[in-house]
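See the structures that follow.
What follows is a pair of complexes built around subunit A, which joins subunit B in one and subunit C in the other.
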Partner chain A sequence: MNGRSPILQLHNLTKTFGSFTAVKGISLDISEGEFFTIVGPSGSGKTTLLRMLTGMESATSGDILLRGARINDLPANKRPTCMVFQSLALFPHRTVGQNIEFSQKIKGVEPAKRKARALQLMAQLRLPENYYDKSVTKCSGGERQRVALARALAYDPDILFFDEPLSAIDYKLRKTLEKELKDIHRETGKTFIYITHSLEEAMVMSDRIGVMRSGQLVQVGSPQQIYSSPGTKFVSEFIGDVNVIGVRATATTGVHAAEFGVDFVTQPVPAGFGEGHLVVRPESLRFLGSRSEAQNCLEGRVYNEYVLGSRIQYQVRVGEHVFIVEKLRQQAFAGSLDDQVLIGWDAKDSILVTD
Partner chain B sequence: MTTLGKIFGPGTRHAVPLIVFLLIGFAAPLLAVIGFSFIPARTFELWQSWSLDNYIEIFNSTSYLSFLWSLGLAAITVLILAIICYPIAYGLARVFGKYSTLVTLLFTIPLFVSENVRLYGWVLFFIKNGVLLGTLKAWFGIEPDSWLFTSGIIVFGMVYVYLPFMLFPMTLGVSMVPDQTRDAAFDLGATRWQVFKEVELPLSMPGIMIGFLLSFVLAVGAIAEAKVLGGQQIIPISHDIEIAFTYAQNWPLGAALAVLLMLVVGTLVLFVLRRFDLDAILGRR
Partner chain C sequence: MDGLTPRWRTSLIWAWTAVIVVFMYLPGLCLLLASLTSSRYFVFPINKWGVAWWEKTFSSLEIHQLFKTSITIALCVTVIAVVIALFGALAFARYDWKGRSIYQKIVLLPIFFPQSVLGLALLLWFNALGLTMSWQTAVFAHLVWIIPVCTLVISIQVYSFDPALEEAAFDLGATRWQVFKEVTLPVLFPGIFSGALFAFLLSWGNFPLSLYTTGADTTIPEYLYAKMVAGYTPGVPVLGTVSTVGAAALLLIGYGLILILRRRRASAPSDT
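Let's look at the complex of A and B:
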C-alpha cells in the first residue's frame, strides 16, 4: 500500500472458545496511516478479531506485531492503541471535558495542559467550547460520537480501532459522520481500523477492505477491487443487490446456465473454474429492443418497480428467477408492469465467482 | 361531584383512596406518636397541655448513652458490611455467572426464618459448652471465655442479620456498570485500581448508597441482637423506647425518644442524600 511500512502485522491469528473457532488463522498486514475496514455479517468473528487487536481478548495462537514487536501479551492499558466502542462507552458521570481528558488524567498530565488539549480536540471535531462542562448524557447522538472520538484521540494512539460506532445512528447523520471520520483520518494521519457489517459504510471511508466470513478473511482489497471483482458469491452478495445465476464453465469465455438452458458469454473464465456463479450487477442490465443489442440476453416480464431517489429498480421475472435491473431516473423504463421485455448485458459485466 | 371534578383532575380523584389509606395507616400513628411526646409524663390523654418536659427529661437522663450505642453500633455494622459485601456483590454481578442464583438463594433463605430464632441459634453456637466452645473443649481441651454478652458479638449479630440489605442493593449497583465502560477505561490506559476508582465505584454508587442507608436505618433500630446475643449488657435506644412503652408505662417519654431517633436518623439520611445526589451519579441530571 503506497510502499508504506506495515504498522500492524497479523500472522496466522486464531481464537477459539472451547470447541468453537471464532477467528481462523488470519494473516494480514496493515500499513502506517491506512484506513482499513473489516466487514462481515454478525457472527463472522470481526468483533473477536478486534478485541484481540486491542488487547481485551488474548489470542489462542498466532502473532500480533506492532511495528515489528510482538504485542500478544501486552494488556489493553499498555498498548498504544485505542478503541471507539459500539456503545461509545462514555463515562456518564463525567462531563464532556472530563471524558476527553480521562487518559491524560490517568497519566498524570497537569490540568491546564490537558484542558488545552481537550479544547483543541473539541474544536477539531466541531464541538462547541461551552460543551466542556456539559454532561455527556445531555449530548445528542452525533455529539457523543464526537466526544468518543475526541477521547480516543486524546490518548494519542498509534492505531485507532472502531467497533461499529455508527450502527445505532440514523441514516442521514451516519452518512455525514462517515465523511467526517474520513476527514479526521486525513487530518490526523493515524492508522484507522474500522469494523462494520455494512460494506456500503466501508466503501465510503476505507483505503482497503477485508471481508470476513466464519472467522476467515475471504477477500482483501481496495473498495474498487471488492466492488468490481468480488471473489466469491458471498462477497458479491454482501455489496448489495446483485443478480446471481448458477453456471458451469463450458469454454474459455463462456458458461452454461442449466436453469435457463442457455449459454452466456463472459470475461475469461479463471483456470480451474468448474461450477460457480455468474454475477451481474443491476446497473449492468439493460432493457433491449432486440436480442442483437447485447452479448447475453434473457426474456422476462416486468413485475414491479421501486423508486430509489435518483435511481429506479425494476424487478424482472424470467420464469421463477427474479432479476433486478437498475436505471437512472432519466433512463426510466418506458413500458408498463407485466410487459414482456428483453434484458441483456455484455461479457465485460459478467463476473464469475465461486461459492 | 361536578365541582369536585373541576377542582381536582382525574389523577387526583383516583389517588384519593390511596391518600386516605396512607393518612390513616401511616401518617396518623406517626402524628399520634409526635403528639404523645409533648404531653405530661405517665399520662395517656392526647388533648391536654403540651410541653417539652419529656425532651428535657431525656437530656437529663442517661438515654444519650443508648443513642450513642445505637448510632455507633449501626455505623460499625454498616462499615463492616460494606467491606464484606462489595466483593460478594462483585462476584454475584460479574464472576459467579450461572452460580449467582444459587449464592443469592443461600443469602436469602435465612430470611425465611425469624430473626430471633436465628439469633438464638447463634447463642447455642457461642454459649459455654455450646457448639463452638464445647467442641474446642472436647477435641483440644481448651476452654476460652464465651464471646456472648460482649459488644463484639452484638456487631457480629447485626452484620449477620442485615447483610442481605446491604448485599442486594450493592449487587444491583455493581451490575449497573456497563462492561464496555470498564473496557474503555482500561483501553485508555487505566490500571485495574484506576478503573475501580474512576469508573466502577462511582457508577455503582447508587446501589451502594441505597445499601448503606437501608442497612444503617435498620441497624439503628436494632434491638434483638443486643437483647439475645448481648445479654442486655448494652442498651440500644430501641430497647429504651420499648421499656418506656411497656414496663415503665411512660408512653410520652417513649414517644419523645422515638421522635428524637427519627429526627437524628432522618437528618443523617437527608445529609447523605444531599451529599450524594443519586440522580447526578446516574447522570440523569
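Let's look at the complex of A and C:
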C-alpha cells in the first residue's frame, strides 16, 4: 500500500440533515488499488458517507478529490465510479446479459463488442455462458451477486463501491463470496471501497479498515492493527466477544481493577492513560493449574459452555462479572459446569483502551 | 364449526361461492336472453326465440355512431389519464416530499364524489366558461373522475418499485431521461397497462358524467337509458350485451397480453 498515490482524498467531509449531522468532518486518503472497508453499526453514517462518494448525496462541506481533482459537484452519472447496491438493484425486466451491458449500451458501444465484454466478465465471475439470455429474476442469490458485480465492472470504473451487498446472504455463501470478492479485487487491481456492519467480513477482505461511530472515523488501520490494538472500547467490542474490565493506571506496566480489588500486569501503559478499560480476548484466557502459571489471575466458576464448531466458549463468572474463555476443541476444558477454576492471561495479552 | 366434517365444510364453501357467482352474473345472462327474442316487447319467459334484433342493431347507422362516440371518448380519456396518472403516481408513491400526505388525500377524494353531482357541477362549470357540450367536454368530465382511479392503480405498481433501480442506472452513466426510458417506464409497464385498461373501461361504461356533459352527442350507456325510459326494443339488451361482452373481451385480451409479456421477459432473447 505504501508509496502508492492516493486515488481518493476526503478533506473534512461533512453532511448534515437539518440539525442532524450524519457525517462529521471525515478526512481520509485511499490509495490506488486498495481494498478499503468502512465498518460501523447502523446509524453511524457509513451509508451517507458512501452516498456522498458516489455522488448520490451532496456534501454539506468539505472536499472529495479524485486523483487530485475536486468532484463534489459531479453528478453520479458523470463520475468514473460505480456502486454495487445493497438490494443489488438488478433491472428485473432485463436478462443477465442486458444487465451487464447496460452502461455500454448507454455509451453507444456496438452490440457485438458489448456482448464480447459481457461474456468475458461472466467467465471471469464464473457465470455459465448460457446465463447470458437468462432472466435475472431466475438467478439464485449468489448468481445475482455476480451479475451485479459484472454490471459494475463493465462500466470500467476507477473505484468500485459496495453497500453491504452480502448482508442478506446466508452465512455459508457469504463466506465464499467474501473470498471471491477479494480474488476479483486482486485480478482487476481496482480500488474497492466497501461498507459493512460486520467487522468479521471487513477483516477477511480488506487491506485497511476504517471504523465509524456517530459520523466520525474512530480508527483506521490494517485488519491486524484493528484486531491487536483497538484504540477504544467501542472498536474492541465491535470485533466480537471480548472481556472488558474497568481499570485505572497505577504503574508503567500495571493497572488497578477496582471491581476485583486487584492489580494486573499489562503492556507499557500509554502516556496520559488514566482511567480506561483492560481488554482481554477470549482466546488469550487460559484455565490455570496454579496461580504461578500466568501473570494475571482470577478465580471463578464455570457457568456454561457453547460449542462453536472447532472452538468451544466457556462462560466463567468471577463474582458478578462474566468472562468468556475460548479454547480449541482439542484443548477443551476437562472439568464440568459449576467447577471452581483459575483463569489467567499474560501481560502481552492485556490491551488497554480508552472509552 | 365444531360439528362439521371437513367434507361438509368444503361443500359449504363451494355452495356459498356458487351462490355469489350466480348473484353477480345472472343479471348479465338475463340481458343476453332478453336480446334473443323475436317479439317486439320484453316478455319473460321468452316464447319466440330469434336473432332478428341482433341483425337490426348491427346494421343501424345510429348504433354505429354511438360506438364511434363512446370509443372516441374512451380512447382520449385513456391516453390523457395514463400520462397524467403516471406522473401523479410517481409523486404519490415514489417520492417523499412535503405535503405528500395531503396530496394523496386530495387526489383520491373525487373517486368518492357522487358522480351525478359531479356531472352537474361540471355542466355548470362548462356553461360558465361558455363551452358547448359535446363529446370533448365529456372527455374532460370523465378525466376528473378517472384520473384519480388511474393514479391509484398505477401507484400500486410504483409502491413495489425499488428506487435503487433508478439510482443504479444513473450511477451506470445514464441521463435522467435514459433512466426513465430504460428503467422506470419498462419496470412500471404492467401497472401503466392496468391503469390504461381501467381508464378505458370506466369511461366506456360511464353514464352519470356523460348524461350531463355530452350535449348533442350520445354514448352507449346514455342511449340505453333513453331507450329504457321511452321506446324500448330488444335492441336495448342487444346493445347492452355487446357493450358488456366487449368490455370483458378487452379485459381478457389485456390479461393475455400481460401473461405473454411476463413469459417473454422470463425467457427474453437479448434485444439491442
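One rule holds in what follows: the second predicted complex is superposed on the first by the 355 of 355 C-alpha atoms of A that agree within 3 Å, B and C clash if a C-alpha of one lies under 4 Å from a C-alpha of the other, contacts with A are read in each partner's own complex, and residues count from 1 in each chain.
Everything that follows uses one rule, which is that a contact is a pair of C-beta atoms (placed from the backbone, for glycine too) under 8 Å apart; a residue touches a chain by one contact, two chains touch by 3 or more.
The structure presented is a predicted model; accordingly, all values stated were derived computationally and were not measured.
In this overlay on subunit A, subunit B clashes with subunit C.
Residue contacts after overlaying the shared chain place A:Ser103 against subunit B and subunit C alike.
Look at A:Thr54: by the touch rule set out above, it reaches both subunit B and subunit C. When both complexes are overlaid on chain A, the residue A:Cys82 reaches subunit B and subunit C alike.
Of the two partner chains, subunit B is the only one touched by A:Val136; subunit C is not. More residues of subunit A are touched by C (comparison of subunit B with subunit C). Within the superposed three-chain model, A:Thr95 lies in touch with subunit C and out of touch with subunit B [touch as defined at top]. Contact with neither subunit B nor subunit C is seen for A:Asn72 once the two complexes are overlaid on the shared chain. Looking at the shared chain after the overlay, A:Thr253 reaches neither subunit B nor subunit C. Of the two partner chains, both subunit B and subunit C are touched by A:Tyr155.
The contact surfaces that subunit B and subunit C form on subunit A in the two complexes overlap at residues 54-56, 75-77, 81-83, 85-87, 89, 91-93, 102-103, 106-107, 135, 137, 151-152, 155.
Subunit A contributes residues 54-56, 75-77, 81-83, 85-87, 89, 91-95, 97-98, 102-103, 105-107, 111, 115, 132-133, 135, 137-138, 151-152, 155 to its touches with subunit C in the complex. Note for the complex: subunit A touches subunit B at residues 54-56, 75-78, 81-83, 85-87, 89-93, 102-103, 106-107, 135-137, 151-152, 155. Taken together, the subunit C residues at the contact with subunit A in this complex read 162, 164-165, 167-175, 178, 182-183, 186-187, 189, 265-272.
On the side of subunit B, the complex with subunit A involves touching residues 178, 180-181, 183-191, 194, 198-199, 202-203, 280-285.
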